[in-house]
Structure formats: structure tokens, C-alpha cells
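Would you mind keeping the following structure in view while I ask a few things?
Here the chain labels run A, B, C, D and E in written order, and each chain numbers its own residues starting at 1.
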Amino acid sequence: MRSRLITVVGVVAASATLALGASACGGNSKGGGDNVTIGFMGDLTGENSGIVIPPKQGAQLAIDQYNATNPKVKITLKTYDSQGKGEQAVPLAKQAITKDKIAGLIGPTFSSESAQADPVLEEGKLPNISSSATNAALATHGWKYWHRLIANDNVQGAGIGEFISNGLKAKKVFIIHDNSEYGKPLGETVKATVEKAGAQTSEDAIDPNGSDFSATVNKVKAFAPDAIFFGGYYSAGGKLIKQLREGGVKARFLSGDGSLDQGLAKGAGGTNADGSIIGCPCLIDPSGTASAASKKFAEDYKAKFHADPAIYSAEGYDAATAFIEAVKAGNTTPEKINDFLTKVDKPGVSKEIKFQSNGEPTATDVYVYEVKGTQLPLLGSAKNATVK
Amino acid sequence: MNTLFSQFWPYTIDGLSLGAIYALVALGYTMVYGVLRLINFAHSEIFMIGTFGVLGALHLFGMPSNVGGFALVGLVLALAVVGGVASGGSAVILEYVAYRPLRRNNASRLAALISAIGASLFLQQLFARLVIPQAFGLPKEKGALPVQGHFVRRTDVIHIGGFELSNDRLIVIVGAVLMMVLLDLFVNRTKLGRGIRATAQDPETAVLMGVNIDRIVTATFALGGAMAGVAAALYMLRFEETKFDVGFLLGIKAFTAAVLGGIGNLRGSLIGGIVLGLIEMYGSAVFGSEWQNVVAFSVLVLVLMFRPTGILGESLQQARA
Amino acid sequence: MNDTTNRNPLTRLRDGYSSFSDSLHDRWATAPRWARWVVYLVLIVVAIILPADGIGSFMSPYTDWPTLLFFPIGGYILLAIGLNVVVGQAGLLDLGYVAFFAIGGYAMAIFGTKMHMDFWEILVVGVLLSAVSGIILGAPTLRLRGDYLAIVTLGFGEIVRIVAQNTDYIGGPNGIGGIPHPPTLTEWTVPDNGFFDAIGLGGVQPFKYGALDGKPYYYLMLLVIVLAIIFSKRLENSRVGRAWASIREDEDAAELMGVPTFKFKLAAFAIGAAIGGAGGVVYASQAVSIIPNNFPFILSATILAAVVLGGSGNLPGVMLGAFLVAWIPERIRGLQEYRVLVFGGVLVLLMVFRPEGLLPSRRRKAELAEGEGGMGGLGAEVGGPVTVAAGEVGE
Amino acid sequence: MSETAAVPVEERTGTPVLELREITMRFGGVVAINGLNLTINEGEIFALIGPNGAGKTTVFNVVTGVYRPTEGQVVFGGSRIDGKKRFQVTKRGVARTFQNVRLFHNMSALENVMVGADAHHRTGLAGAALGLPWHRREERDGRVKARELMEFVGIAHRMEETAKNLPYGDQRRLEIARALATDPKLLLLDEPAAGMNPTEKEELQGLIRRIRDTGRTVLLIEHDMSLIMGISDRIAVLDFGQKIAEGLPAEIQNNQRVIDAYLGVPADAS
Amino acid sequence: MLLEIKDIHVHYGKIAALKGVSVEVDEGEIVTLIGANGAGKTTTLKTISGLRPLTRGSIVFDGKDISKVPGHKRVLMGIGQSPEGRGIFPGMTVVENLLMGAYARRDEVEKDLEEVYDLFPRLAERKDQAGGTMSGGEQQMLAIGRALMTKPKVLLLDEPSMGLAPMLIKQIFEIITEINRRGTTVLLVEQNAQQALQVAHRAYVLETGTVVKSAEAGALLNDPQVRAAYLGGGAEAAAGPTA
């Protein structure tokens, strides 16, 4: 112990002297020349890494494909593991700006960390595109450098709500949310939308870290709804479906992008999740039915990562593409890249890569997916999709 | 409020089955506390290991499906043994690694508590990062996600009007109560049980009776761990899914149940667990599920304000004066 | 059962460290006043140049050093100082300390966004509010014994978090965004030349609180920490500190020597809460947005670990503990997903080899050095086993 | 229980300081003190003796507020103190030591005494934290007082040592100094000579006298008879929670009931 | 020599509780340690049973040095103790308390149980009562009975008369004599010197952690110095009536 303490003290002292001696030769190697670094920030090792790794892989794919064309300016992808936590994202953002001097950032992936890290990115003038932070409030701050390539929760909630009212014609809807900053507002929007369409509603919340949702199940049973909407993530969603079904609730189950994962069906067990509808402002299209670009992306992704594209992989790919386009157009500094982003307009895999002036994407499509076994085939756009 | 009345029996049954699991896990806290006066914070991970032991065994022998009836009872018995061995064994190892050296050094209980917290973090991460991905052939980043194994066919065994009792809940309740009775008999009727009680009541005099305290401590951890393992089997029967941090919330609740009933008191665990389970369910019905934990902790505070040693008071050591 | 003659190399290493820290203690205790002031001065200078890049590149190669210094490092240190009052000085086991951090944080967020109060005003209000909440929690529960107190405080911490989550007025799970930064005190800039540049602080505006530069916040935190140290140290060496120590040592005897124990326990809770609240206010002023999940139970456990790890009751030890607990996981970011695993293991190892903490207070160390054989060791410290109140005073 | 208290007492001391009136103390079914009447006068050294388990320490606990008596009253300086909180009793002027030394073991000897001196201090959180002049004065006074008292009991050379590291006899004396620091009118000493060697006992005897000479009243439990007989003004004997005798040392010494109770009834006596 | 304590030193922290105590107990004897509170009597017994570590000196039992043997093994070797304050397990019944005495043994206990009931018929009557609810005298009997259940070669008794009524004290000491008569060596710690000296063969007087006197019990019984220490008052008291 003692020697260790001394080592620490010694090293601190040494580095202090070094800093003193080395004087002002500080300036790190500039990003310019023949290499630009783009960052990716999100929960890469934490509990929710399952929905962060796909967009990271999507971005990686885009950049690798670009670098493979032997361009004049190559792009490196640098990852920042925020564990989804604001207090870790903030110093990482500062590190990215001041030390690593990256030119653009994909992420942060979650809304709560974005709320803390985005002001830093804004002041640091670092253009950032989130592939999955859907909280509506993020767009209200007048940030110039902030963008996202995913429609927000209001858009999503309204889309799903419309689908419940029009596509399913449900009259009694039970809303359950996980009391998170994502699930609750989403649930509220869905609730407001279906109520406007004349449906009767009731709601309850679950603790996603708990395991016994029977109190909620009993409430649902008492209400006897036609449809149940769950605002929350799939790990809790699966358990919830399972317990609902075991409790004898047969109403159709719906959820948002947080539940768009095979884990939902696995957690629900057997065929419990079959027929559930998941809405998402994102496009997951492993079979490539949506477009040729989507088909190619699915194939490339599979070839590289030996897995189907998952949630937000296309958005991650598109976010990287936005930066790639900027670099291609000869922009290598953050400022210039950001300027370019205001006017970028390119068809992407998931949607048109084009931003409104507040940073929101212009595309507002919400897609619905139906759970079949452990697959989540695309059903179509929430506006016009129907189920049997 | 209306829901509570219209769904009274389901809430009650669910509360009982939840409480039964709390109670079994609470035993581990209460026993270790009774003997060492230590909050074994890592007990929640002992439970977690039990759930993975059970799940692992199911996988190993090929996941059965749709087991019901008496076959299910038999399967659960076998799984309870597996869980008990896994949890009991790891509890003994935990004691040996994380607590025994501290006891030898006459460390403070606070130090032991920190060691427990460290062990708890370590075990959680060990499973999330290494054990789960390895054991279930998952990519590393999926280790932190829930793992399932569906094997139960749920049927209602009793169905009278609004009163429905499904087979899994019945087994959970009966199984937990049975284990509590067995443990109670063990502690009260056997020699080792006597040794445990003696050590809890007066360790110094116990030494004068020729009791090897180290052995008693090991036995205490083994028994408490085994109970958590059985609880894990029942939990898997009921929920069929587990996760690296499955023990965290459940552990806190179980500890709350132990304190509610009177920590150190085996029967208090049962009472505390059942009371807590019911209160959580009824509270959710009345206030909404988002208040479930607030209701639980508020009741704890209220009970302790008026009965500072819990519902039954402490008993493994019983008032010493 | 305490074989004193057994001396394996490990024990010897441990004893070596002990005597080393002992001699430090001694030298400090006997040092003349001026020497102490010199040390204080040096420490403050070191603290001021700490965020310099040169140091940062070693201390934190993966993430922004000044921000790290602000939080978690500075934040944990402040919280540990506060919790040390409760746990280390008064001997009350509090597992829900994060609640007060949350109350301070929410005070900053609510008063800052809804009432547009100034950071400095909120600091005062937030501290008072936290102190009051400490009293509200303490009044009904402080009669409970140690471990019951622990679980009740744990419950309190969770209640605060969940209530925040369920209350729409304060944003529910969304928390509160757009929290204002402290107003800029002065645009004064550290001269961009010679010495300051050499230590990497040239061009810093230490009193301008923007989003990007972590250093001003660090200096703010440093100021609060220094105040908290002075505060806590003064209390420790006063009637109040003596009362706390006497309560921790022997509550019944203390009461019989005229110490109003309940009042002082309540005071300890209030002071601890106030310091935690100050931490919350400062943290929220930098974070821009806070959500209930910024205040999980594990943070309480971590701060407690910091206090015990460093040496419960001894301020420098506690601060060292907090520093390590905050810094190690960031420094070993290279280990990626294994870093919490390693951290947990390190915690166990440190407790196994040095249960009294890295820099134990002299009092506590003596307390821990000898238990009464057998089970005594895991016997009485915080809270202690049933002091059947009077039974022991009596026959 | 007045039939046994009939021994006439020489009134050479002042007015009553402490009166126990018909005190009964039950624990569950066990009666630890039964209808005890006791009057202690100002300025005297009063000894309470009796075999182990006779209820002597229980008397101390009743007087100092540790127990609330099941029945009866405790009157100190003219007003009732039964039912008062323990620290309030101390503030009114009753201080005690313990049968098994109960120092604050890990605090320095001086600090131990200062805790006692703090009983009459008023510094609160703010005063201490801001270092207000009031607080500084109290702190200085407390320190001076503690030093004086440590000199008074004869352990001035031990000030900075940790209490638990003091030799046993010094710990006993430190406990007395700590109790004196609360400025008691009445000092209760619970077996102060236990564990002392003859020389120390001799010194202790002198110390108790000097305490009395400063105008304080001393109530004492002790087993060491030579000490008791040497310094007590009056003695009361307790057996099974009842007072079996009260009087001057010489009277007690020759009381057959006392001898039986105290030495133990020899096997051949019945 | 059955039990030989050689110059043992015991410390609580830095304080010496025993500063070189030497005591010898021969087979078949009753030896008593007397002395004031805090003299170190109880510490001596606890050290013999292994509850307190030695800092110096040694304890030899039955020819073997047991200074380093853990406490629970010493019980098996034949050291039984009825501890200070009786140490009854309050939550256990009388039978359970007694069976605790036989905890370390593997042989039949029924016979020994009968023997204890024979010595203390009162315990037989109260078999199923919780230990904590018994009167002081009954608890003392239980403590001694329980110690006997360990089948001790030497029985250590710590203040068996503490807090008991004279009638009971008399009874307890008669039983001690009886136990000794049946072949168990007894080491007795007492404050009730008179009683102790009457049943003991030899006695040691302890004062502040050291032995200040040792002699035949009878000799000490009439020793004015011992008398003085216990009833005080100087010569005239010593010359007073021997009760």
C-alpha cells in the first residue's frame, strides 16, 4: 500500500513538473490534413448497450465504406462510452472537444445524457447528430449544433396513437409506462392522441427494475381494454407481456421504439408477444423491402457484423453519412461541417438526410412492426398500415 | 381504490406469492445478522447466483417446455436443490473471501459492510461481463440483459368466483412456507441449529460450550444462502427470467422485510415478507404502481417508529438483558 | 484468537504502512503553527494548479480532467466530508445520503428555472432546505438503533428519488432542464504568459461559468470544499465535535455527562444534510439538466465506501477515499467494461487488508486495532449492538 | 420500610440534598429496590454498601435518570428529578462514575473531561462553526477547568493520552475528573476503588475527602471496607433491594445483620 | 498438576488486566480465587477458557500447553466454565441450555442429563421453560449444570453466589462441594470470600492483576488481613465476632 501511495504521489509530482517544464508547446495535432475524427458517444458497455451498439456499428459501416474508397481525407471513428449517464457524458464531451478535437459527434444516444452533454457540445461548437435520442424537449433549446435523425417522441406517440385509433379501432386503451424520461412522455402522448380520437383510457406505471408486475396486471384486468400501450424498454416490456398474458389479458399489446427488439418476444416467452405492434420512427428492414438502399445496407451490415441490422443501425449509418457528405464536400472543421449540415439533403437508408432549422429531421415517418415469433417484420407506415 | 375491491383476491394472492419470495430471501439477511450483526449486502447477489444456477441447469438438461401438474412440482423440487446448492455454496465462499479475513482482523462492522458492497458490485459485474455471456453463449454486450427460460405451463388449480389460484403461485407460497417451517425446525430442533442460536445469543458463552464459531458462521451462511437459492428456484418458476442485477431491488425489499418483521427473528422474516408483499400490492392498487416502493418504505418507517425492533422483535438472540 | 506472533510478509507490509501513517500523524500533531500554515498554503496552490493539462494527461487520459475534478472527484469529496460528519463523527449509519444531494440539486433546478433566483441565493436556500430535510428525517428515526437507522435512511433515499420521479411539477422522470449556470463573477482572465501558460492555466477565466470549461466549476467546488473542511474541522474541535465523539463512543455515558444526545445527533444529520445539499446545488448548476436517476442508491453506497475506505472520522483520509473512489473507475477506463468489476474487487481487497481505512483517524484506529477476541470484532461500532439502554449502565 | 431506618443519625451535616422517597424499582417480575427511603445531607460522604446484586447500582441509576422508578419520588435540591432526562439531571448538579469504567475510550483524557465541562456550555453549531468569541471563551474556560480538575485528581501528566491507554487507577480518577467537570452538587461514585492497589486506595481516600471539602456531597458505593470505614460520614446497607441498616460506620460495623448479609451466611449458621 | 497457570499477562488494549498471575490446581481440589472487583479474577478464568489471548506466560492443562489452543477445543479437553453473569441463553429452554453443554461431545448425553437433574431437581421441573425467564438462583443452577454437561475435568465457576439470596447461596455451595466430591476439580472465583474459603481447599488472593497471597483456605479464613480487606475497619473489627 505504502509503495503505491508513494508511486501515486511521485507520479503526480512528476507530471506536474513535466507540465511546468514543457511550457507552451501544448497544441495537439490538429484534426486537419488527411484525417478527420468523428466521435460516437453512448452507452457502449452498460445495461442498455444492446440498443447503442447497432447504431455504432451502422456508423462504423458507413465510415469503413467511405474509407475504402481511398478518399483524400480519411475519417476515423472514436468511441466514447458514457454508460448512458449524463455525469459521464459531460466530461467526455469536453474531452472530445478540447483534447481530441474531433470534427463531429454521433450521439449521445439517450435523451437524458443528451440534456446534460448537448449544452457543452453547443458551446464547444461541435456538430452532433443523435441517432436515437427522441425526447421532444431537446429541440426546444435553440441549439445550433444539435441535430437528430430520428423523429421525436411526440411524433412517434402521435403516430402510434393514430394507429391505435385508426388502424386498430381500439376504444378502450390502457397506457403503461416505466416512469422513465423516455417512457412516460411517450405514454402521455399516446394517451392524449387516442383520447382525442374518442377512446377511453386508464394508466399505470411499472418499475422496470422490479420483476413482479402483477399489481399492474390486475389493474389492466379490471379495466378490460382493447389495446395496451407500453412506453418503455423491451427488457421490461417482455416481462410485462408475459405477465399480462399469464394473467389472462388478451388485448393487443403495443409499444414504442424502446421495445423494438427481439428481446421483447424472448422475454415474453412462447407466442405471448405474437401480434404485438411496435411503433418506431426508425426503419429496421433486414429483408430490404423498403428500398434498394435499405436492401444494400442490410446485406453489407450482415456481411460485416454477421448479424441483421437492428434498431437504429440505419440511423447510425445515416448520421455517419451526413458527416461523410460534409467531409466529401471539403469540410474538415466543426464549424464548416455544421454549416454543411444545415443544407445537407441526401437520401439515406432510413430516411431523407435533411434537417429542419431546429435540428429535427424533416422526415416524420413512423413505422410499425408486428411481432412474429422472435422476428419483427415491418408492417408499414403507421399512417396506413393495418393488421388482420 | 375500486380496482382493489374488484380485484381483491388477485392482489392478495400476488401479494402473498411476492411476499413469500421476500421472506425466503430475508432469511439470509436475518440469520447472518443474528449471528454476526452484519448486513450481508451481497446476499442479493447470492440470490442472483441461485437464479442463474437454476437457469443454467435448465439449459444444461435441455430446456423443458410446458411442464405442469405434478411434474412441475417435481421439477421445482429439483431446481430448488440446484439453486440451494449454488447459492449456499457461493454464500460460503463469499463469507470466506470477503468477511472472514475481516473478522480475523476484528474489523468494524462498517468495514464489513463496505466489503459487502464491494463484493456485491464485483459479483454483479462478474456475471454481467463474463459468466452470463460465457454460460449462455451471448455476445459480451448482452451479458447485462435479461436471460429467459420458459418451462412452466400455468394453470388455475383453484377457481371459485373471483378467487383464482394458479399452480405457480400455489407452489411459490406453499414452497416458501414449507422451507420456513423446515428451517425453523432445523434451527430449533437440531444440534447445529442450537449452536447457531447460542452463538447469536451469546457468542462468548457459546465458545465455552465448545462451539466452533467459524463453523457456525459457515453454516449460517450456507443455510441463509440455501434459502435464497430455493427462493431463486421459486422466483424462476414464477418469472422465468433473470438478470445480473435481479437481486438488487429484491434484496433491498427482502432486507426491508427482515427489518419489518424484526431482524434476527426467523419467523419475523415470514411475517415481514408477507406483510411487505401485501402492502406493496394493495398500495399499488390504491395509489398506482409507481408508488409501490414509496408505500413499502413508508410503512417500514411507520412501523419502526412505533415498534423500533420490528413486528416480532429480535429473537435469534432475544433481549439480552 | 488473535495470534499476535504470526507475522507473514503481508502483515508486516501492513504494519509498515501503519507506522508510516502514524509517524505522519505524530509529526503533524506536533508541528508548529507556521509549518501547518505552510502545508495548507502548499495544498491550496496544488489544488489550484491541479486542473492543468499536464497533470490531466496522466490523471485522466480518457476524459476531460477539469470536469472530472469537478464531478465526480470534487463532488464525491464534498459529499464524503458531509457524510463523514454523520458516519465518522457521530457514528450514525446513513445509507440514504444521496437524498440530500438530490434535494440540493432539485433546489437549484427549481429555484433557478422557475423562480429565476441567482446561484448564490439558491446555494443558501438549498443548504437550508437540505438541513431542514435532514432534521425532518432525523427527528422520528434517530431513536432507532444503528442498523434500523441504516435501512430507514436507505428507504428515505429511495422515497425522495421516487417522489421526484412521480411529481410532474418537477418534471417527473424528465427532471428539469435548462438550469442556469452561476452568473459570471468577473471576466478576469489568467494572464496568457510565462508561468501560467507553463502550468497550463494561461487564458483560463476562472470565474466565468460557461458550459465548456470545467475549471471554473472546479474552483467553485474547491471553494465549497474548503469551506466545508473549515466548517467540519471547527465543529470537530469544539463542544459539538466532542459531543459527537462521546455519543459514538458511549451514548449512555455521554448523556449522563450532560450531553443532550438526541439534539446533537439531529445536529449531525442536519450538518451532513446541509453539506450534501450544497454539493447538490453546485452540481446542478453545472449539469444544466438533472433527472431523478442522477441520484440512485448506489451513489449513497459509493460515498459511504469512500468514507470508510479513506478512514472514517479522519478528514484527510475521507477525502483521499473519495478521490480514489471517484478517480479509479475513470482512470481505468482502459479496462472498459471490466472497470466496475475491478472496482468492486479492489473495495473488498482494501477492506480485507486495511479495514480501518487508508488514513484512519487515530481514535478510530485504536478502536479497531483490538476487538474483544472471538466475535467481538464484528461487534460494536456504528450503532453497536443492543445497548439495552440502561441494562449496561446498571448491574 | 421505615422499621429498619430507625437508627438515629448524628446531625452534623447540613440540609438534605437528595431524598429518595419510597422508591420501588421493578424489572418485569423482579423487584430490584423495594420501598427505599434515603436522605443524603449536604456536605457529607454517604456510603451505600451491600452484597453484589443488592440493588446499589440500581439506586444510582434511579437517581441519575437512567431508570424511572416504578414507584416513589427522587427529590434533589428541593425539586423532583425522577422522570427527567438524564442530561437534565446532570445539568441540575448530579454527576456519577460507573462501576465498569465508562470513559470515552478513544478520546484524549483532556477531551473526556472537557465533555463534562461542556454540560454547562451553550455553544451551538453556529458558534462553533464560525468561531464566535463566545465559543472561544467557553472553549478556553473548558480547557482551563479540565486542566485544573486533572491536576486536582492527580493525573495532570496524562492530559494528551488516549483514555484507554491510561492505567486502570488513572482511568478511575479520570472518570471522577470528568464527573466533577459537570460541576455537581452531588457526586455519585460507583466502586471507585475497584482495581486499585493499596497506595492508590489511600490516595483515593484523600481525593474523596478533598472533593467533599470543596463543598460537594458524595454518595459512594464501595466494597472495600477499610475505605468505607475510613471516610464515610454515614452508611446505609442494602440487601435484596431493602435498606437493612443505616448509621455511623462504627454502628454498621457491629450490626449482626450486616455482617450476615455482607460476609455471607456461613454454611453452618443455619 | 491438572491445571497450571504460569505467569500469565493479559492486556486489554494497552492496559494490563493481569500482570503475571500464577495459579496451580491439583486434581480433586477446590481452589478459589478471591479479590475485589477489578482484581482480575474473571479475566483469569476467561484466559483459561481461551476467550482472552495471552500476551505472556502459559497455561498447561493435563500436561499439555494449551495457550494457543482455540477456546472451543479446550472445552473438549475438559475445561468447563460457568461464566460471570451466568451466560444463560435466554431464548433457549432449560433442556436446550443443558444440551448446549454437551455440544462438542459425540457420546450419549442422557446419563449426564439425568445426573444434572439429580443434582438440581429444580431444573428437571422446569425443563421446558425459557432460560431467560428463570430466577437468578435457577439460572445459576442451570449455568453450573450446563458446565457439568461438558464433562469437565476442571470446572471453572465465576461468582456463583452473585445476586442470590442467602438460602440459595448456601445451597449452591453445598452443590459445589458435592460436585467436587463426585470427582470434578473446581476452580472457583468468588467475592463472597467467607463462603468460598469454607468450601475450598486452597485459595489465592488477587489484587490489581497479581496474586498477593496464596494459602490453605482455612488459614485465610482467619487471616485478619483478608478479613480487613472484606469488612474493613482495622483491628477491632478483625477481632470482632466471627459469625
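As a convention for this text, a contact is a pair of C-beta atoms (placed from the backbone, for glycine too) under 8 Å apart; a residue touches a chain by one contact, two chains touch by 3 or more.
Bear in mind that the values here come from a model prediction, so they are computed numbers and not experimental data.
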Touching subunit A and also subunit C, the following chains: B
Which chain's centre, taken as the mean of its Cα atoms, is farthest from the centre of subunit B? D
For the chain pair with the highest number of C-beta contact pairs, give its two chain identifiers. B-C
Central chain, going by Cα centroids? C
What chain is the most remote from subunit C, judged by the mean position of CA atoms in each chain? E
In whole angstrom, the CA-centroid distance of subunit D from subunit E equals 30
Cα centroid separation between subunit A and subunit D, in whole Å? 74
Centre to centre, by mean C-alpha position, how many angstrom separate subunit C and subunit D? 42
So what's the Cα centroid distance for subunit A and subunit B, whole Å? 36
Subunit D residues counted as touching two or more neighbouring chains: 53, 99, 105, 164
Which subunit C residues sit where two or more other chains touch them? 1-2, 165-166, 337, 353, 364, 366-367, 369-370, 374, 395
Multi-chain contact sites of subunit E, meaning residues that touch two or more partners: 13, 50-51, 70-71, 163
Which bits of subunit A are touching subunit B when the two form their complex? 44-47, 49-50, 53, 179, 204-207, 209-219, 221-222, 235, 238-239, 242, 246-247, 263, 266-267, 269-270
For a test of understanding, state which residues of subunit C touch subunit A in their complex under the given definition. 13-14, 16-17, 20, 49, 52-55, 57-59, 62-68, 71-72, 165-166, 172-175, 177-178, 197-200, 202, 210-214, 286-289, 291, 293-294, 333, 336-337, 353-354, 358
Interface with subunit B, subunit E side, in the complex: residues 49-51, 70-73, 75-76, 80-81, 83, 87, 89-92, 96, 99-101, 103-105, 132, 146-147, 150
Under the touch definition given earlier, write down the residues of subunit D that touch subunit E in their complex. 51-53, 99, 105, 164-169, 171, 191, 193-198, 223-230, 240, 249, 253-254, 256, 259-267, 269-270
Residues on subunit C engaged by subunit B in the complex (per definition of touch): 1-2, 87, 93, 140-141, 143-145, 147-148, 150-152, 154-156, 158-159, 162-163, 165-166, 297, 301, 304-305, 308-309, 312, 337-338, 340-341, 343-348, 350-353, 355-357, 364, 367-371, 374-382, 385-386, 388, 391-392
